[in-house]
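Okay, so subunit A shows up in both of these, paired with subunit B first and subunit C after.
Let's turn to the complex of A and B:
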């Protein structure tokens, strides 16, 4: 937590100097499609066959390096059950990125994913980067959603798209990396201190939404 | 209970986390065993009908119901027993009506996802089966609630405490339909109102913490949804949760708020040291291993040290106020 988030920072290994950017990312999607499992794989490199159902939401962070930039994701992993929907806006409000997850073996979850995408397009920040993840690719023999169908939908809506498997780790780091690449990293936020910046992002006020929240 | 002291699994079958504090726990257990023995002797030496003496009953329950008496005491004080007696259908009749495939499917998805780290759920089939029966029977007889995620943890802990499927069903019914506001209905209105109530109560009891949380920008739902929805299961150690539930069943939902305020008080310094949302959320998430909550006996004493105006009637007024604001 002591990392300096503003200005140029010295990496702990002392190798290179670079920017540190912090982004708020939210995971949305129907219950049991693998949202928490994708996060657990990305953050801890682990997979649990039976991941506890998420109540409310869970918060985790993970940092990845992209060329000379360190990207820190603040990840909000939300509950999938429909009735928790009323709590969702506080998690996607001010988010710079979203991963909308469905289960490739379940057509209904793809429909629900489309609903989430629509809601994000209407309600979230206009600059939000949305990725669509067709999870449980390891169960491709039980596939109910065709790859092409999802790809076409993603293209039409300007979404990043990958089929992923939290179980085998396929495309998990890749989808976060693709999001990191697509996020704007060169705009300057107003001269706030590190903690103030984190706060701004979390509150999702208008400034943070559009500013790209990064630092030279 | 003594056998669990050096075990990787606690007395209710939960695997201990990597950062489980064995020293703190050992120290606590060596005292708590004496407390449990004493409480057990006291309960067994009660003369006459304790249920006809509400003040004695309340004092006894606040000090902890012995585990072998929990099922009967909970059934009695929660109203579960009364609901069972007055019900036109037996539990078995209700259970036979499980036929809605949608409900069956969503509950089945959550069965292996309920306490996978608990040996009674992961190593045996009978407890998940009982959990399914309780949840599906409940969902079929209460169409407004149906199945809401979170109920799986409550029913799971009820089963671990009572080892009795039927009692768990009536206790769940008493909780959801009688003791708690409408947390679990499709709109989750009761939850949203209680989050507003919590905001006001924290402002009243801990204004400095309230201001800090506001400044950092954490909506209460982010830090405390589980407190309400899971009634502290998945938040605090099982024994602490059962001690809370002893009082919740007897005294009603004000206990949830008393516990919430106490948790915030005990973690006040840590909360105030945070400067950004992630840290603050972490503080709320990681209360489980704190010495003050592992020592459930002392924790419950703290809960009741809270000055007396957090009554059920105060709570009703606050709920009515925020309900009105929501419907404006």
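Let's turn to the complex of A and C:
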């Protein structure tokens, strides 16, 4: 465990220098389902009851260790309101992973999550790893979306699926870890690709600009 | 001056009690924690502050202490009626006047759906000829007693139905106040403290025994107190009133309105030849302002309560329960006697304030605002000088705030005729206490705003509701007002009314944050908050809330990039190289004018200036934020930069205000002017920029400047402009802008970013010293390469004349010369 924490890159002999992988991950889902809360829990281990709404998008990074590999997530947390939809392609374009979040106490948000999955399957990179997160598991007594229903849907569509709670931290690290495991780790071995990754997004963004489809 | 301040009407005191604590840390149905009861009280109590009557003690403040403690600060002057009983005799006229005044006060409350239910001769205060009721809001602000664990009731004065229905169950009914009035009047005419010698239980039994009475309740009370003679001496008309008040059937008791119409009150209706005094008199200052100064001068209500022993801290260990179950149930916790109601009132000492204000002259209370004569203006005392002090100090200086409030109060009284003066004074600073009203004046809110708001549908369900409902509980919730349930309700109504009224617009997330400052400042005047928002959006965020606002926002962001390039080419080049576009971080900045980005207290200071500027000002604020983070941005790559904005570090708002005001002043208007600006607030003609497509705009890294601004600069500030003519030399010699330098476009190599490449004139470009560098070309020159080159060479304030050289020809021969003639 401890070695995992310190990371392979710091092993004294240097012989088994671990790989460092960077992945761009995007969070999508209806507003107020807990996207920002999941990220905040994952990145800072915090939870705010009154997490402010996200306008546009927010960006955060977090690194986790997986066996010999250091996985750095570059996370784009997007705005949930339907009107901000047109901004989304700018963020999921070029993303290797996506977490589509819904609120287990609200059936509509599950419907919206399905729409996001469809859009990703159509528009995003064909190799994108998609995870479905049923958030607010701590409110299970007010559940409106059955676990089995979501699990079946996830199986049919080849999605990772977990019920999470940003409030109690349940399954939060696990879902990111599961994504990291599923991501291919042979191609991206960039040591200092921070800005490269950013550039990829920004190029997509430039495309979006000329197409003029931002904020529509 | 002291006599003005030392008016006994200006005294105030405080009471304190605990709100009922939620049993455990429970969540509401939305998964959010339950709002603490003290916050609900805090929200409800705001309405009381807006009630203004000579017969009611003015509510001044609600303070939340530790452990759900609530402190209510309220005007307090005079002596309780109770203290006069059995000592002094009231004349019949006195009693009638007291009855009349209590009825006037109650009527005001009942009209606002507030039931006193706490009325007794102890909290009717008499001073001279005027009574004031005290603590009339307790029942209302505790939501009919539900938010506290003690009963809100005055044992002797409580109508029988209160006991019969159960103190906590009875619905608020104004008839209970009429009963209490009946008891008070009975006390006064009989001059007896009723059942004074009895214990609590016996007293209640006495009240209930009145239900069995065969004769009138009043008569029975008189007999019980051996005062039948006094009873028979009461004039019939008054006796009838008392008896009707003491009707055991609440539905049969008269209302305040009914009683006020009685002929025995006629003598009080007409005063000084006028019927009532409905016209609001102008006061030089109000008690709420005095309270504000008192606080600034060091007054601290909680401290006073501690001194007087009303707030006592006990070691936490004493309040530990004996047993806590794993589900969170608590057993065996001893009831803290402090959670019971403590009726003591602590009057606040005002000496420190009097001392502090000792030297304020009498005339300072009556500042002249329109001085036309020099002699008079010279004889005016010198104004209190605080210029140059930081805003934060000025806002806490009691004397300074005294002068500012007195002045603004007069100006606001004269609004809208004093609009220009208000604006002028607001440029110095805005006193926080009057900010809401001053903002409304700056935004030109018209006097019929209440009526306009009243007419709007705030109730019908719409598809937007879900979004509004999930946004409100996350909007500035650290603020007590906005997190209270009253705050939520009000915000929802305002947003729904706005969406209803602006059918061409839609609700974008962020509109909630934008509304928050207005609601915070006008919490008791929802309509005004709405009116401010309605005036603010067209002026500063025109078209931002269109369903398709992409063109508007894109234009704004493009202009923002250009503004950065104009003032800080080094930073602009860096951000450009790392592909760090404003689109990634600045949308919430401009869409909500930073109200989604900063906490309320910062927004207020920022908007104090925003309201005085135009819709371009927020671009300058954006620039000032970048400037503050400049060093970190310059040394960071894409990821670090974007992280910086996802988690915005502490930004010094006063610095922001200063920086943005500076750049705003020195930036020619056309640099930031946009196609999508509201035509209502500017006039455009052919010398302004127009016809630039969004596509072109986004390609251009440097801004365009209008012919109007160039001519203006050449004429009024020739040393602030450097004109570079990039046409060929023949054209330049034939006709060119006065003092312009010629750098023919074809003579330069743009392969390297070296300013030396421009030749002889490079030194002039290396030290432009804040001059606006205007590049002028024509159809034959490439108007992109050269300015981009200058930008890459980090030359500041580069812009391009829109329309090229020819646009100057018809406009202004006086700014043009021919080199041939000179030669």
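What we mean here is this: the second predicted complex is superposed on the first by the 172 of 216 C-alpha atoms of A that agree within 3 Å, B and C clash if a C-alpha of one lies under 4 Å from a C-alpha of the other, contacts with A are read in each partner's own complex, and residues count from 1 in each chain.
We adopt the following convention: a residue touches a chain if its C-beta (ideal position, glycine included) is under 8 Å from a C-beta of that chain, and two chains touch if they have at least 3 such contacts.
This structure is a prediction, so every number in the text was calculated from the model and none was measured.
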Practice task
Please indicate which partner A:177 is in contact with in the superposed arrangement: first for subunit B, second for subunit C, both, or neither.
Solution key: neither
Practice task
Give one of first, second, both or neither to describe whether A:139 is in contact with subunit B, with subunit C, with both, or with none.
Solution key: second
Problem - Partner chain(s) touched by A:61 [first = subunit B, second = subunit C, both, neither] - result: both
Fill in the blank from the handout: In this superposition, the partner of subunit A with more touched residues, subunit B or subunit C, is C
Practice task
Would you sort A:105 into first (subunit B), second (subunit C), both or neither based on which partner it touches?
Solution key: second
Practice task
Under the contact definition given at the top, report the residues of subunit A touching subunit B in one complex and subunit C in the other.
Solution key: 31-32, 49-53, 55-59, 61, 74, 79, 81, 83-84, 86, 90, 194-195, 198-199, 202-203
Fill in the blank from the handout: As the complex stands, subunit A meets subunit C at residues 31-32, 49-53, 55-61, 74, 77, 79-81, 83-84, 86, 90, 105, 108, 136, 138-139, 142, 167, 194-195, 197-199, 202-203, 205-206, 209-210, 212-216
Practice task
Provide the residue numbers of subunit C that touch subunit A in the complex, in ascending order.
Solution key: 27, 29, 31-33, 466-467, 470-471, 473-475, 477-478, 483, 506, 508-510, 512, 547-551, 553-554, 578-581, 583-585, 587-588, 591-592, 596, 637-640, 642-643, 645-647, 694-695, 698
Exercise for the section: Please name which positions on subunit B make contact with subunit A in the complex. Expected result: 106, 109-110, 112-116, 122, 148-150, 152-153, 184-188, 192, 215-219, 221-222, 225-226, 229-230, 234, 275-279, 281-282, 285
Handout entry: In the complex, subunit A residues that touch subunit B
Key = 1, 31-32, 48-53, 55-59, 61, 74, 79, 81-84, 86-87, 90-91, 194-195, 198-199, 201-203
